[in-house]
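Look at the two complexes coming up: chain A is in both, with chain B in one and chain C in the other.
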Partner chain A sequence: CRWRALLARPAAALRALRGLAAGPEMHFGFQSVTEEERREKIYQVFESVAKKYDVMNDSMTLGIHRVWKDILMHKMNPCPGTLLLDVAGGTGDIAFRFINYVRSVRERQLQRKLKHHQNLSWQEILENYQKDKFNSLGDSQVVVCDINREMLKVGKQKAQHLGYSEGLSWVLGNAEELPFDDDMFDVYTIAFGIRNVTRIDLALQEAYRVLKPGGRFLCLEFSHVSNPLLSRLYDLYSFQVIPVLGEVIAGDWKSYQYLVESIRRFPPQEELKAMIEDAGFFKVDYENLNFGIVAIHSGFKL
Partner chain B sequence: ADPSAAPVPHPLLPAGRARPSHSEPWGRDGRRGEEEEEEELWHQLYPGHIPTSPLQKALLATGSAVMALCDPYRHDMVAVLGETTGCLALPNLRDKMKNHPEGYRILQERPRIRLSTLDMDRLQGLPDGTLGREYVRFLEDNKVSPDTRMPPKFVDNEELAYVIQRYREVHDLMHTLLGMPTNMLGEVVVKWFEAVQTGLPMCVLGAAFGPVRLSTRKLQVLATELVPWAIRSGLNASCVLNIYYEQRWEQPVESLREELGIFPPP
Partner chain C sequence: AALRCQHYPPLRALQASAVLRRVSDEHKKEPFTSSSQQHFDSPPAGHQPEQEPQGPRPSYTGQGGQESEDYESEEQLQHRILTAALEFVPEHGWTAEAIAEGAKTLGLSVAAAGMFHSDGSELILHFVSECNAKLSKQLEKEQKLVQLGEAEKKPIDEFLRDAVEARLRMLIPYIEKWPQALSILLLPRNIPSGLTLLTSMIDDIWHYAGDQSTDFNWYTRRAVLTGIYNTTELVMMQDSSPDFEDTWRFLENRVADAMTMSNTASQVQSTGEAVVQGLMGAAVTVSNAETSRAVR
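And now, the complex of A and B:
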């Protein structure tokens, strides 16, 4: 039947396209383009989805993307004083979670400190509290870097709206060529962004470069589902429902068709692990979330 | 897109598959054999066409209906609803056009009503009461433009895509002929007329659910005077898509109404 073939198409096309050599021809979803064209097209996709990005994330994943990002933050377990670089951080989801996490850790630290000073006078307690109050983040900082102006704009507006200002900076930059010095950051994250980078190897090399020795690389990204039944359901949902959601909610079918195709084109868990190791990272590992729909890859610069 | 230019890559489809409607539909562009069968399914039949499966069409129809009700400013949702539900009504309309000499000519020549194709100065210079003058007056009074009509995306037949495009472009002329403004009340009346005329489920739904947002006073006027008139006119009139409007700008609106069979507005 015609439509069964349509559903099977992603698998067949994928098989065919994987066979293509990685020459100047690159993939944009299931289309074949040059490197420059790919960068341009991806820029346009995010330019057009920026305003509805968060709404669409919630609709497509039924809000589960929030849980994934929370898990990433818990895995990172940052302590106050951490310098985080969030690449492709656009609308700020990871950055805001980082700030919340560090604040709560800091508060607990302060509470513990105060508990140990049970015999202080009220005046001394007040002084201590005031001294630390202005340091609610404990010198932690997060830099959000994104290649797309529209996404950064949305992120800044969100920050203003939600009241985040301290310890947060926004930088326009390309993951393949970061505008930062070597050995600067404690943690580097890239959440649902590395899939859109044209030269993943360059991005990984840059990640290695800007991290301090001992720094951690964390990547949260859609990955491959090995369970065959689940994989078929996932394909059905991705190809049949998501573009429709894109059209109905954001008025943009094509960008969301690109999204689901780009997920299928992205290297699976083991391959990405190998690429991260190639960039020089050690103790590279990955954790599957939801049977491989999403995976968190982690590596250390030693 | 210029039909004689090289095919422009469509963001959805692998390069080389997008093609304008005129060119040879089954041409091969040298892709590997195993993909040929699947290529045909992804045929872009006209610029802007997005092929969809029946499941996707069903989801789109439901989603767009809900969204159009929740947010009446989403005109694109009304358009999508029309395209995904018109599979019976559109062929019907196309056949009506084919069997009428003027309609047949429209299908052949495929005229488009756009600011670039209309000579606005000439139309404005026409005497009052003529179709051209009243149409321009309508556009100015309601601050609308014929260029805001969405091109079809989800109709899987090139000719039917034109029919629905023509229907959309003629919509403003319907307003002129019926003498209805573009507020909610006017739109609902035109929808009733169009529902009877075209049988498009989108018009029927719009006509049935549009009044939900009207005040009781307006609903009364609607129910007692406007809707019965719209229905009577719709039933009495011949198919409105069979009029080559671009050749009738000088005709007085009254005479065109009589010719079609639309009763004078209340």
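And now, the complex of A and C:
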């Protein structure tokens, strides 16, 4: 329950109040704003892009974002029975991929089991089929948590449209203060969301809190390109093409200007790795995709 | 505060460190303190060493990176997970699933299997090194008995036979999935580590067999034994006789062959030497005859 979390964390409530007064200077893209202003501005950004979020993703990254998310899923390699918390998961991309992955793993498991059941009676075979038919996900579940109502709305519509119903839940929540108990989840993912969190350290601490011992933290995010030539091309593309696409497709130049600026302001791979270690995670590592345009950070709660 | 106590079990925050602490607890006998309750609100639960009231342990400063204490626990933890996972291999094979089940038995989340490679190679290498360690210990024990005079020193061929059989018997519980393991060990990525483990095991066996050669024999002996071991292992894979009798008979024959070969080799060498000497003698005789004829 939410209020319980708030009560038990008077420090966090104080911080929120402080932010309302005159919070510390934070960055919003290349601008300088207070904490509370930043939260509001980001909320507005995503409120306005929610409907066109997926279309814009496809056109900006030329569809490569799907490959990135697939790679994240393969890295996670979840087995049936995994509980996933997808934070800032708005439109549900990671959640749907998780469900597909677990479903196919489960199918293979069942096939293997059946191969071994060579000498069962018909009755036993029938029972097996019935038992497993209603367990196509193997008790896996994914909770999609997002701070923005519009994004969640779009996500729920997508789920209905694509036919995902089982093992999926949608929760409105703030990554800096998750409305969940301790030690609940096996895996915590945040894909292209941690950049928009105002206090990244708080989000990491929350991630640590809600993960079970042995649980895994995975973060997929835009990061820094070290190759100088590629960096120049990337900058050119980011600042000249993306806001234009934003205006043409979504009718919103400013939001996409914010997007590319926020990517530049986000800490690079090593710094984020240090922050994750500070939150208490072990075996923290990152994998660069596309020469550092995107990086997957992984850590374990041990 | 009362409300908080009701809803939050006091040690929840430190449960995360419980896994690590348990390992160090076993070694250090450090008691859990209830003063941890006060620090519930403060951030990382994993590094809170200041609460230990007794114990002259140095307090850790900072939380970035790993102090040597926790770093050791990380490796040990991985070790423990892999050992626990071996139990599930007959059912799931040498896969990440087996590792996930192993992690579950230790009270960890199944996601902990993500620490290892998804093809299960770490599990196999761990198993092989464990078997090698067991074999070494057994051979050492036997050697001690011989040194103490409580047992007879075995002839070489019997020693080799027993050592290889003991090592191969460790595979029996996993024999069904062992072909899968062998194929994974042959992946280019795993060949260096697999080969290292194999050669060190063979080296061990020869060491306890009493081999002290310093010449080329060192290489021949190890090559021969490696060949014997590998072929016997393969035969074992498709042996269906009771208690693998056929495999042990095959092993006996191969070791006998190797002994014969070495005998033959030395025989050939001495024959060769004898032939050369004979030829030299004949040459000297002929040259003597020539010179004496010339003199006359």
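Please note the rule applied: the second predicted complex is superposed on the first by the 276 of 302 C-alpha atoms of A that agree within 3 Å, B and C clash if a C-alpha of one lies under 4 Å from a C-alpha of the other, contacts with A are read in each partner's own complex, and residues count from 1 in each chain.
Definition applied: contacts are C-beta pairs under 8 Å (C-beta built on N, C-alpha and C of every residue); 3 or more make two chains touch, one makes a residue touch a chain.
What you see is a predicted model; the values in this text were computed from it and never measured.
Using the contact criterion defined above for the overlaid structures, shared-chain residue A:Gln240 touches chain B, although it does not reach chain C.
When the two complexes are overlaid on their common chain A, residue A:Lys156 makes contact with neither chain B nor chain C. Within the superposed three-chain arrangement, the count of touched residues of chain A is higher for C, of the candidates chain B and chain C. Shared-chain residue A:Gln31: touches chain B; no touch with chain C. Look at A:Lys254: by the touch rule set out above, it reaches chain B but stays clear of chain C.
When the two complexes are overlaid on their common chain A, residue A:Lys52 makes contact with neither chain B nor chain C. In the superposed pair of complexes, A:Asp278 makes contact with chain C only, with no contact to chain B.
In the overlay built on the shared chain, the residue A:Thr82 is in contact with chain C alone; chain B does not reach it. Taken together, the two structures place residues 7, 9 of chain A in contact with chain B in one case and with chain C in the other.
Chain contact summary for the complex, chain A toward chain C: residues 4, 7-9, 11, 75-79, 81-82, 182-183, 186-187, 201, 205, 208-209, 211-216, 274, 277-280, 282-283, 298, 300-302. By the touch rule above, chain A contacts chain B in their complex via residues 2-3, 5-7, 9, 12-13, 16, 28-33, 41, 240-241, 243-245, 247-249, 251, 253-254, 257-258.
Residues of chain C touching chain A in their complex: 3-4, 7-8, 12-13, 15-16, 18-20, 41, 43-47, 63-66, 70, 73-74, 77, 96-97, 100, 103, 106-115, 118. Against chain A, the residues of chain B that register as touching in their complex are 9, 11-15, 32, 34-35, 37-38, 41-42, 50, 53-56, 59-60, 63-64, 66-67, 74, 76-77, 80, 153.
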